[in-house]
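What follows are several structures.
Presented sequentially are two complexes of chain A, the first with chain B as partner and the second with chain C.
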Partner chain A sequence: MLTKMAPFIWKNIWRNKRRSILIILGIAVAVFVYAALNAAVNGLTFPIKGTASSQILNVREAGRAQVLASKLPEIYVDRVRAIDGVQAAAGVLTDIAIVGTARVHIFLRGVQPDEYRLVEDFIVDDIAWENFRSDRRAILIGHRLQSQLGWNIGDQIDLGALGIRAVIAGIVPPQGVDLENHLLIHQGYFQNNRGLEGQISYIVVRPAPSASPSELRQLIDDAFAYSPITTETASAQEFAEEIVNDFLDFLVYLKVMGVIAVLITMLAAANGLAMSVRERTREIGMLKAIGFTPSLICGMVLAESLLLAIVGGFVGLGFAWTIVGTGGTAMEVLALDRNILTVGAALALGVGILGGIVPAINAARLKTIDCLHVVG
Partner chain B sequence: MSRDLVVQASGLTKTYHKGDIAITPVDGADIDVAAGELVAIMGPSGSGKSTLLHLLGGLDKPDQGSCSIGGTDITSMSERQLCDFRATNIGFVFQVFNLIPVLTARENIDLPLRLLSLSRERRQQQTEAALELVGLADRADHLPAQLSGGEEQRVAIARALATDPKVILADEPTGNLDEDSGQLVMDILQTLTRDYGKTIVVVTHDSQKAGYADRVLFVHKGRLVTERPGSVREVA
Partner chain C sequence: MIPFKYILGGLQRRKLRTVMTVTGIAMVIAIYAVMNAISTVMVGGFQATGAPDEVVVQQAGAMMAEFSNIDREAIAYVRTLPGVSSRDNQPLVSPELQLTTVLQRDGDERDVNLRGVTDLAADVYTQVSLKQGQWPATGYQATVGVALANKLKLDVGSELVIENASWTVAGILDSSGRIYDQEIWVHLDDLTAQTNRTKYSSFLIKTSSPEAAAALTEEVNSARRYPISAMRADTFFALQGQMAGGIADIGSFLATIIVFGAVFGGMNTMYSTVAGRRREIGMLRAIGFRPRVILGAVVLESVMLALIAGAIGLVLGAFIALVPMNVPYVAAAHVSLGWNEITGALVMSTLIGVFGGLLPAIQAARLRIVNALSS
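The block that comes next holds the complex of A and B.
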């Protein structure tokens, strides 16, 4: 029956064009905000998470909320390496640089090349690797930095804020451990430039095949339990997530703002629909008088709401997709995946249902005779 | 006159409460309307004539009494059953037309037909026939705002008769119209009964308009007090 009323429902939607367009735009903005924020979170967290393995362990200074604040003596690496069950260990000094007008985030890892290659399974061609390990001012970059910043092999880069000048020796492709927007730099050179000789941020540990990572975590932390600087060991996956949480807390607030935007939109949509129903009270009475059942009236109002939400969701997601697809370098950090699109569409439908259900039920419950007595 | 009764109501009573005050606009009304009759219900403002019409149409429920349309008792029906029943058995014409402003005349007439299990072709035929009957075939694609008041009411009449209901109930159908338009509307209602055998009950406070009816029922304080035959039709 509802499908028979489709032309009527469609015309009802455009009865008050301005209001309908505002509702659609509201939903579109809310869905866009949701999609863009989540795409940004995805874009910034995936590169970190993508590099992490649940088998690899990371050791950092205990009690440090932020990994940048973690300071471990470089000599800890040898002590970790000596622990039974450790196959390989490598110290990493880390920092972040923000580059260019696009404000691309670069995660620097100061590593000793031969040590580090034993713990991380990234792929790089032999020439690039040899160039990197033989030149202390050479760096390897994740493929995203190439696409985001246009960097290429042989380019000399200047990270002025960190006092670093380096030459790109190679680009690490997404196959294997994906470095994304990370950069590998010689630890010694990095330490000298930062005045941090003998210091690292954390240690990457590859457990022996026979070792249990969870038991090894405990063994490592126990080994430093009575040292001046105690340690906290977690899987690289957990560690990466902590980095994400530490550095990108603000995105959580942005996500909260996105949720608030969606809620406000929902209230505005509901109010718009409620107004639309109130204005049509007499008309609803007439429809009931000529045989429209309460459930049909309810369905029609809900269908109006859903159609507005679908159009709004389509516009919002389409806009987000367009920006991510054509935004250029500045938007490379966004990662709009199928999951975000699905949740965004579900969100729009949710706004349509939740925003429309109360006006729809109210319309269905209106007494025919009371509606017909409404003046105006 | 045939005694094939389309509307049969007896002892209809309706009381409303406003605070401590009880108002009984319809108080034990009995009314029978035969097939093909045009019956006018007259009375002063507040006499209960519109409430009586609403009870006859199942728009409101009586506190006492019963009402049958085409032999079916509607007083015990649920809201849902009443809606379904009205869709096929009762047509309504209101004083304020109540057309959907975003739909054309044709679409407004088609609206109640969409509730029925009719093919598109059948709906189109019935819509066009109704438009022809009220003389608005050439205005079919106009929106209500592009029609005069009289034309709007004629569309409303066409909408009411498009489903070929057992009875059409018209509540002050000329109340918002000028004299000429009002007479035209009454002419149409009279033609529908005289030439097409439709059964129509009209509420009016205008004695001249009531004169178009076969019978005129007078309501006073919720009761039907007198009845007289109509005049214009006899003259005509």
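The block that comes next holds the complex of A and C.
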């Protein structure tokens, strides 16, 4: 029955064009805010959080407020390797560089190639790997970096401010690991360059199949409990989240703001719909008089509300899309992905339902005779 | 002019609609005010810091002081640069080790910038003065910035646990609102020993004049004797402020967009208000009130609605600002709604009121008396 009424419902919405447009715009604003906000968060954090492994363990200097400032002596790697339950361990020296006119942030990972591959067994072309292994100045770049910076195999690049000259030996293809956003460089070369001989940032560990990761974590930290530099071992996933939290503590407030934005819109939408119901009391009375059941009336009002919300959602997401794109536009830190779009649409629908339910029920409950009494 | 009472009275009718609109606008203003306050806190401290005759030197390409590593031997080169001021034959170059540390005290946990300095700091940092006690000396003594000290109720003699060791507060420093008020200063040698870091993070150089500072900066950056880069302190801290501000800007930008949402909501309300009072408006016109007076009245009603909402929003915002927050870069952040934020919020409210009410007001003003009376 309700679907037959669709044209009628549609016409009803456009009877008061101004109000409908305002409600749509209001919802569009909230959805846009939600989408843009999360796109910003996405763009900033995905390179770090999106793909960190939950199996690999990460050993870092204990107690650092900024986990990326972790500094460990290189000799710790051998000690970790000797611990029961450790299948493979590799030291990593990290740094961040800002490259190019687009000001792309890249994470550099200084590693000893063979040692590292034993821990993080990623897929890469054999020739590329061999070229990387054999040339001290060679680097491997993640494919995301390649698309962002337009670098190609064989390019001699200059990581300007860091004073590093390197040649690109290969590209790490898409495979769901965080390496895709990073740059692998020879640890020794990197250390010389930055004056950090004998030093690494953290150690990555592959637990033996029989080992329990949680027990292994404790074992590792215990091994260094009385050393001058104590350690904190966590999963790679947790480490990635810490990095994000360090830089983006502020995000919590932005997210709260996003939630409040949605609440505000619900209020506004509900207000608008309530007003529209109030103004059509007479009409609703007439519909009831000719036989429309209360549930049908309720359904109609709700359908109107939903339709307005859906249109608003489209407009909001569409606007967000044009401004933000899917990563790789002027505001290159922002990335709108499927998740955001889905939740954005769900939000719009939610606003439509929650905003329209009370007016709909009220409309259904109106007594026919009261409606017909109303003048104007 | 239509009497004020009439306009006020208008607000009293349709209470539910008014309340809902006010709530919506109040929430928007609250967010807007808080975002602005945070932005001010984050940027303000940096902008005040850094004198044009000081130069900051860090490792080339380092993103932040904490990620900067300079070989200690570089200090000999830096000390002999042209333009460096001196006092008692000592070049005013302050070598420093900087770290962010987690400070835990009485259930409060926050990230604080730790600055390891030498005895020279007192002479190099001319804008920093001692409010109490003394500059950090070896022996695990700490000099705490006044804002941080106030926030954590620290005094000379208080004990702090930093980097797994116990330090005693030996002094309180005051830099008149610069970021140093948020920091803890300790002696470089103690910090080096405690954290096993044998490199410097940065140098702060005092020169004789802004021109000398510019020349020195140029010399360091072009000579490339060591992998270090120099920047005049005022530029350096302005950039830091920008970075901090950039984050805050995202918040402000989105808050401003939400304001549009509020405008649409307000417009809806005013249209409905006007629609509901067509007859009344017709009557007013019939007895001689001119169209522009009607316009004024509607806009004024809308503005009053928005201002009331704005006031409520400010109160709400003041409460939100009290929630403890780890504001990045500013350890002892005191987020409060100052005159800047209050004015901004009231202006925003007025704008919401004006724009929310303008179009409906124009419609009301244009109503033909005959049509209005017969509705």
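As a convention for this text, the second predicted complex is superposed on the first by the 264 of 376 C-alpha atoms of A that agree within 3 Å, B and C clash if a C-alpha of one lies under 4 Å from a C-alpha of the other, contacts with A are read in each partner's own complex, and residues count from 1 in each chain.
Please note the rule applied: contacts are C-beta pairs under 8 Å (C-beta built on N, C-alpha and C of every residue); 3 or more make two chains touch, one makes a residue touch a chain.
Keep in mind it's a predicted model, so treat the numbers as computed, not measured.
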Chain B versus chain C as contact partner of A:369, first or second or both or neither: first
Contacts of A:19 with chain B and chain C, given as first, second, both or neither: second
First, second, both or neither for A:289, with chain B first and chain C second: first
First (chain B), second (chain C), both or neither touched by A:5: first
Chain B versus chain C as contact partner of A:208, first or second or both or neither: neither
Partner, of chain C and chain B, that touches more residues belonging to chain A: C
First (chain B), second (chain C), both or neither touched by A:82: neither
Touching partner for A:272 - first (chain B), second (chain C), both, neither: second
Chain A contact footprint on chain C (complex, rising order): 16-17, 20-21, 23-24, 27-28, 31, 34-35, 38, 59-61, 63, 66-67, 69-71, 99-102, 111-112, 163-164, 196-197, 199, 227, 229, 247-248, 250-251, 254-255, 257-258, 260-262, 264-265, 267-269, 271-272, 275, 279, 325-328, 375
Chain A residues within the chain B interface of the complex: 1, 4-5, 7-8, 11-12, 14-15, 282-283, 285-295, 368-369, 372
Residue ranges of chain A touching chain C (in the complex, touch as defined): 18-19, 22-23, 25-26, 29-30, 32-33, 36-37, 40, 63-66, 68-69, 71, 95-98, 159-163, 194-196, 228-230, 247, 249-250, 253-254, 257-258, 260-261, 263-265, 267-268, 270-272, 274-275, 279, 376
Residues of chain B that touch chain A when the two form their complex: 54, 57, 59-60, 79-80, 83-84, 86-88, 91-92, 94, 96, 98, 100-103, 107, 111-112, 114-115, 159-160
